[in-house]
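What follows is a group of structures, each given as C-alpha cells.
Two complexes, one shared chain (chain A), two partners (chain B, chain C).
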Partner chain A sequence: MSILIKLSTTLRDMVPGYEPETGLSVSLKDGESSITAGELASRIGIPLEEIKIVMINSRQSELASVVADGDRVAYFPAVGGG
Partner chain B sequence: MFRFLRVNMATKSCVFEDIPEEYAGLGGRALTSTIVAREVNPICTPLGPHNKLVFAPGLLGATNSPNSNRISVGCKSPLTEGIKESNSGGQPGGHLAKLGILAIIVEDMATEGEWWQLEISKDSAKLVPSTVAGLNNFDAVAKLVEQYGKDCSYVTIGRAGEFKLTAASIAFTDRELRPQRHAGRGGVGAVMGSKGLKAIIINPEGGKNHPLVDEEGFKAASKRFAKALTSHPITGKGLAEYGTAVLVNILHEAGGLPTRNFTCGQFEHHEAVSGERMNKLTKERGGEGAVAHGCMSGCIIRCSGIFPDEKGKFKSKWPEYETLWCFGPHSNIDDLDLICTFDHMCDDIGVDTIDVGVAVGVAMAGGGIPLGDGKAVMEAMKGISEGTPLGRIIGCGTATTGRVFGVRRVPCVKGQSLPAYDPRAVKGVGVTYATTPMGADHTAGYAVTANILSCGGKVDPLKKDGQIELSRNLQIATASVDSVGLCLFTAFAILDIPDALAAIVDMLNAKFGWKLTGDDVVTLGQRILSTEIDFNRRAGITEAADHLPDFFTDEPVAPHNTTFDFTPEELQTTFNWIKK
Partner chain C sequence: MNKLPDTHILLEKLAPFLHEGRGGTGVGREGIRLLSEETGMSERVVMTELLSRNLWPERFSRCRGVFSAGALARLLSTRILVAGCGGLGGHAAALLARMGAGGLVLCDPDSFEESNLNRQLFCTEKAIGRPKAEVCREGVLSIASYMDVEAHVTALDENTLPGFLKNVDFVMDCLDSVARKKMLEEQAKKAGVPCVQGSVARNEGLTLFDSSFALPFSKVYPEEVSGNTEGAAMNTHVLTVAGTAALMVSLLMRKLCMGRNDGGKLFHLDLSVPELETLSFSL
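Take a look at the complex of A and B:
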C-alpha cells in the first residue's frame, strides 16, 4: 500500500519529475502507522506555507489531518477562478 | 459632463439627456437594474418593442482605479423572462465612462429586417444603416475597424443575435480589437438583435477621466487597492498564470466537476483540459500565444491569456473554466484544442459559452448529438451561424435543447443553465443557483470561495450549515462590486484582505465627495437585489421558482453520493431582509 499524492500548478515544480497524470506514490516508512498531511508534504519537499488547500480522498482537510495508507492526498496553493 | 444617451430604434432619435435625480449616484448593475425596473414593463415580451437594452459603466469607470472599467448590460431576459444583468470586460466600458455617458438606453425596435449601427463620439450620437449585417463578430469588427479606425471600441452581435436566439451574447472588443469579451448570459444579444441594432462604435477621442473631489485621497486609496490585488496570491499571480481554467483539477479533486450531464462529479481525463495544461501548451507553442493578458485597460489581474494553435497562430482567448467544462467533461470531450475552437466559435457567432456548451451535453444526453463526438459538435456549432434547425436549437440554450430532445436531466434554473459546479458537492453555490434573480449563475454569489478555495473563510461544501448565509452575503457583495464597475475577480482580494474594501469605499468617497462606510456598500447590494427581485415578482416569477431541478434532490452524485437537500422553505430565507 502507499499514499497517492496529487499536486496542482506551482507545487508541481517543487517536486522534480512529478507526473501530472499519475501523481506521486509515497510509502510510509517501516514501523510508521500514520502521518499528517503536513508531514507528508514536508517529506516530498513542499514548504508548508505554499499550501493553501488540502484534500484527503476528495474531502477538504487540514495540514494536521491524519493520512492513512491507501489514501489519496491533493495539495493546492491559493488558486481561484470563476 | 455626465449624461444618458437615449436611442430610439423606431424613430432613430439619439438624445443626450441630463441624469434624472432618481438615478444619481448609481452606476453599473445598480444603474442598469434600476432603469430596467423603472422603465420596462415586467410583463412585456422580451423580444418586443417594450423591452429596453441598457449599457452602463460602473461608478469607478474612467478613473485610475485598477480593474474598474467593466460594463453592465441590463434588460428583461428572453431566456429567463426575468430581469437580467450581464457583465463584461473589454474597452467599451472605459470609453463610455470617459465620454461621460453613464448609460445608453436603447428603446423600441427598427423595422424588421433592417440593421443599424450606432456611432457615438464626444458630442454626437447617430444611427446609420449597418455596414456589417450578416457577419459574425470577428469579420464585423474587422470591417468596422477599416471604416472607423483602431482607436474606437466596438460592441457587436454575431449571427446568433441577428437570429434572436435566446443564448445570444453581446461582444465587446478587447485592447487588441478582438470581439471576445462578452455579456454572455441571459440572451442579451437576442434583445439587441430584436431592436435591429447590429453594432455600436465608440470613439473615445476627447474623452477624459472623471473629475475627483479629492485627488490625493483617490490616489492613495487606489494605490492601497492595487496593493491588495497584487499581494493576494490569486489576483496577484494565480489568475494570470493559469486563468480561471485552474479550477478544472481542483473541482475534479473535490468531486464537484459535473461530468456527462451531471451524472458524475469527476472526469477521468481532467488533466487534459486543465489550466496547468493550457499554461504549458501556451508557453511551449509560443508565437501569438500569451500568458497573463488583460482584457481591458487598467486590469492588473490579467486572467485572459491567448491560446495559440500548433503553429503559434492565435486560436482563441484562453477559455474560461466554465467553457472548458461544458464543452469538455460535461460533453465527454478531452481535446483541449477542439474546446478552444468551440470557444472561439462562440465568440465569433456570438453565443453564451455556458448555455450553448451545456446545451451540447444535454443534446448528447437526449441522443441529438452522439456522446463525446467532437466532429458532430463542430457541425452543430456551425449550424448556429447557418441557422440550421439543430444550430438554432442549441443556440437557444440548454432549456430549449432539453425540451426538444426529451431529456430528464436539464440543469437549469429559471431557464438559464447551471455553470460548472455540481450543487450536490458544492452546496453553497447551489443555493446561489436556486435563488439569484438572474437564473442559475455562479458569479451572482460565488460560494465556491469558502466551499472549495478556502478564500473568505471555510464552509464544508457537502454540508448545509452556513451555506445560505454564505450565499446571501456573497450575493449582496457581488451586486455592489458589479455596480462599482470592478471585475468580479477582485473579490478574492476583497474577501481576504480587509483593507481592499476600505480602499474601494475610500475611492468612491474621494471621487464623489460622499461619506460612505462599509455598511453602505452592504445596503447598496441589498437594494439592488430587492429591485431585481421585485421586477421578477411583477413579471410573474415567484419564490416558487427558487429551486433546483428535482434530479439534484433525487439522485446522489459520485464520488460523495450526496444530494442537494435544501427545502424550498430553507432557500426562501436567503433574502431575509425582504418582507413577504
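Take a look at the complex of A and C:
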C-alpha cells in the first residue's frame, strides 16, 4: 500500500519528473503508522506556505489532517487567474 | 397592440418565416423582428411569448430536447453581470449569448494586449489597444443582437460593485486574483446576487457555485492569500479558459433550469490528464 499524491499547477514545478497522469506514490516508512498531510508534503519537498488547499480522498482537509495508507492526497496552490 | 395574436393567426402571419427542421418548426429571426415591430414588444419579449406557446425561435431550435421552452424563456429574462472580460469573461459572455441569456453587464478596466491573443475570445489583432468590455459587447451583439448589453470600462471594487449588482440576477466571477474574488463574493452576498466563480492557471480550472450565500470561495481559501497568485504563475491557454468558462455557465444553467444547488462542491478541471473531478468542502 502507499499514498497517492496529486499536485496542482505550480506545485508540480517543485517535484522534478512529476507526471500529472500518474501522480506520485509514497510509502510510509518502516514502523511509521501515520503521517499528516503537512509532513507528507514536506517529505516530497513542497514548501507548506505554497499549499492553499488540501484534499484527502476528494474532501477538504488541513495540513494537520492525518493521512492513512491507501489515501489519495491532492495539494493546490492559490489558483486565481481569470 | 402589445400582445401577440392568437396562435392560429400568428402561425399564418409567420408562415414565410417558419423553418422545418429536426424535431419541429422554428420561427426565423425575420418573423420575430416583424412581430416586434407590429406589437412594440422587444424581440426578446416576443421570443419569450413564443416559447410560452412552445413555438421555438429557429436560433434555439437545436436546444430542443436539451432544455425546456420554460427554461429558455427564464434565461431570456435573466440579466448577468460578467466581472472581467478577459479570458474567462470573454468566453463566458459568448457562451451566455449563445445559450440565450437576455442581458449582460460587462465590466473590465483593461484594453486588449498582444499577449491576450492566445486565450481571450474577443481579442483579435484588430482589437489590440481597444477596451475589452466594449469589444466584448460588440462581439456578444454580433451573436445575439436582441440582447440588452452594457459595457463599462471600469474596475470593480467595494465602491463600484454595489451599483452594478443592483439590477442583475447573477454574477460571473471572472476576476484575476484570489483577493478580488473574495471581495466580489462578499459584495454579491450583500446584494443578494448569486455568484458563479471560476479561476484558471496552467492546464487547470476550478469552478464553484453556491446560491445560499455561504461565501464558498472564502471557505476554500480560509487564510489570506497573497503573493504568487498573479502573473506567470497564472499563465494559461485557450483550452483551459474555454473549458472552465463552459463549466461556469453549466453551473448557472443547472441552477436556472433545474433548481440544482451545487453548494460544497469544487469542480476541478485538469486538461493535462485530462479529467474533471468533483471535490467537497465544508460550507
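Everything that follows uses one rule, which is that the second predicted complex is superposed on the first by the 79 of 82 C-alpha atoms of A that agree within 3 Å, B and C clash if a C-alpha of one lies under 4 Å from a C-alpha of the other, contacts with A are read in each partner's own complex, and residues count from 1 in each chain.
As a convention for this text, contacts are C-beta pairs under 8 Å (C-beta built on N, C-alpha and C of every residue); 3 or more make two chains touch, one makes a residue touch a chain.
Bear in mind that the values here come from a model prediction, so they are computed numbers and not experimental data.
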item	value
Fit or clash between chain C and chain B when superposed on chain A	clash
Contacts of A:60 with chain B and chain C, given as first, second, both or neither	both
Touched partner set for A:8, first chain B, second chain C, both or neither	both
First (chain B), second (chain C), both or neither touched by A:21	both
Partner chain(s) touched by A:80 [first = chain B, second = chain C, both, neither]	both
Where chain B runs into chain C (options 128-136, 200-208, 218-226 or 434-442)	434-442
Overlap of chain C and chain B interfaces on chain A (superposed complexes)	8-10, 20-21, 52-53, 55, 58-60, 74, 76-82
Footprint of chain A on chain C - complex, ascending	84, 86-89, 173-181, 198-206, 219-221, 223, 225, 228-230, 233-236, 266, 268, 270, 272-273, 277-282
Residues of chain B that touch chain A when the two form their complex	232-235, 238-239, 241-247, 249-250, 253-255, 271, 274-277, 303, 320-321, 442-443, 446, 448-449, 452-455, 458, 460-462, 488-489, 492, 559-560
Residues of chain A defined as touching chain B within the complex	6, 8-10, 12, 20-21, 52-53, 55, 58-60, 74, 76-82
Residue numbers on chain A that touch chain C, as the complex places them	8-10, 20-21, 50, 52-53, 55, 58-60, 74, 76-82
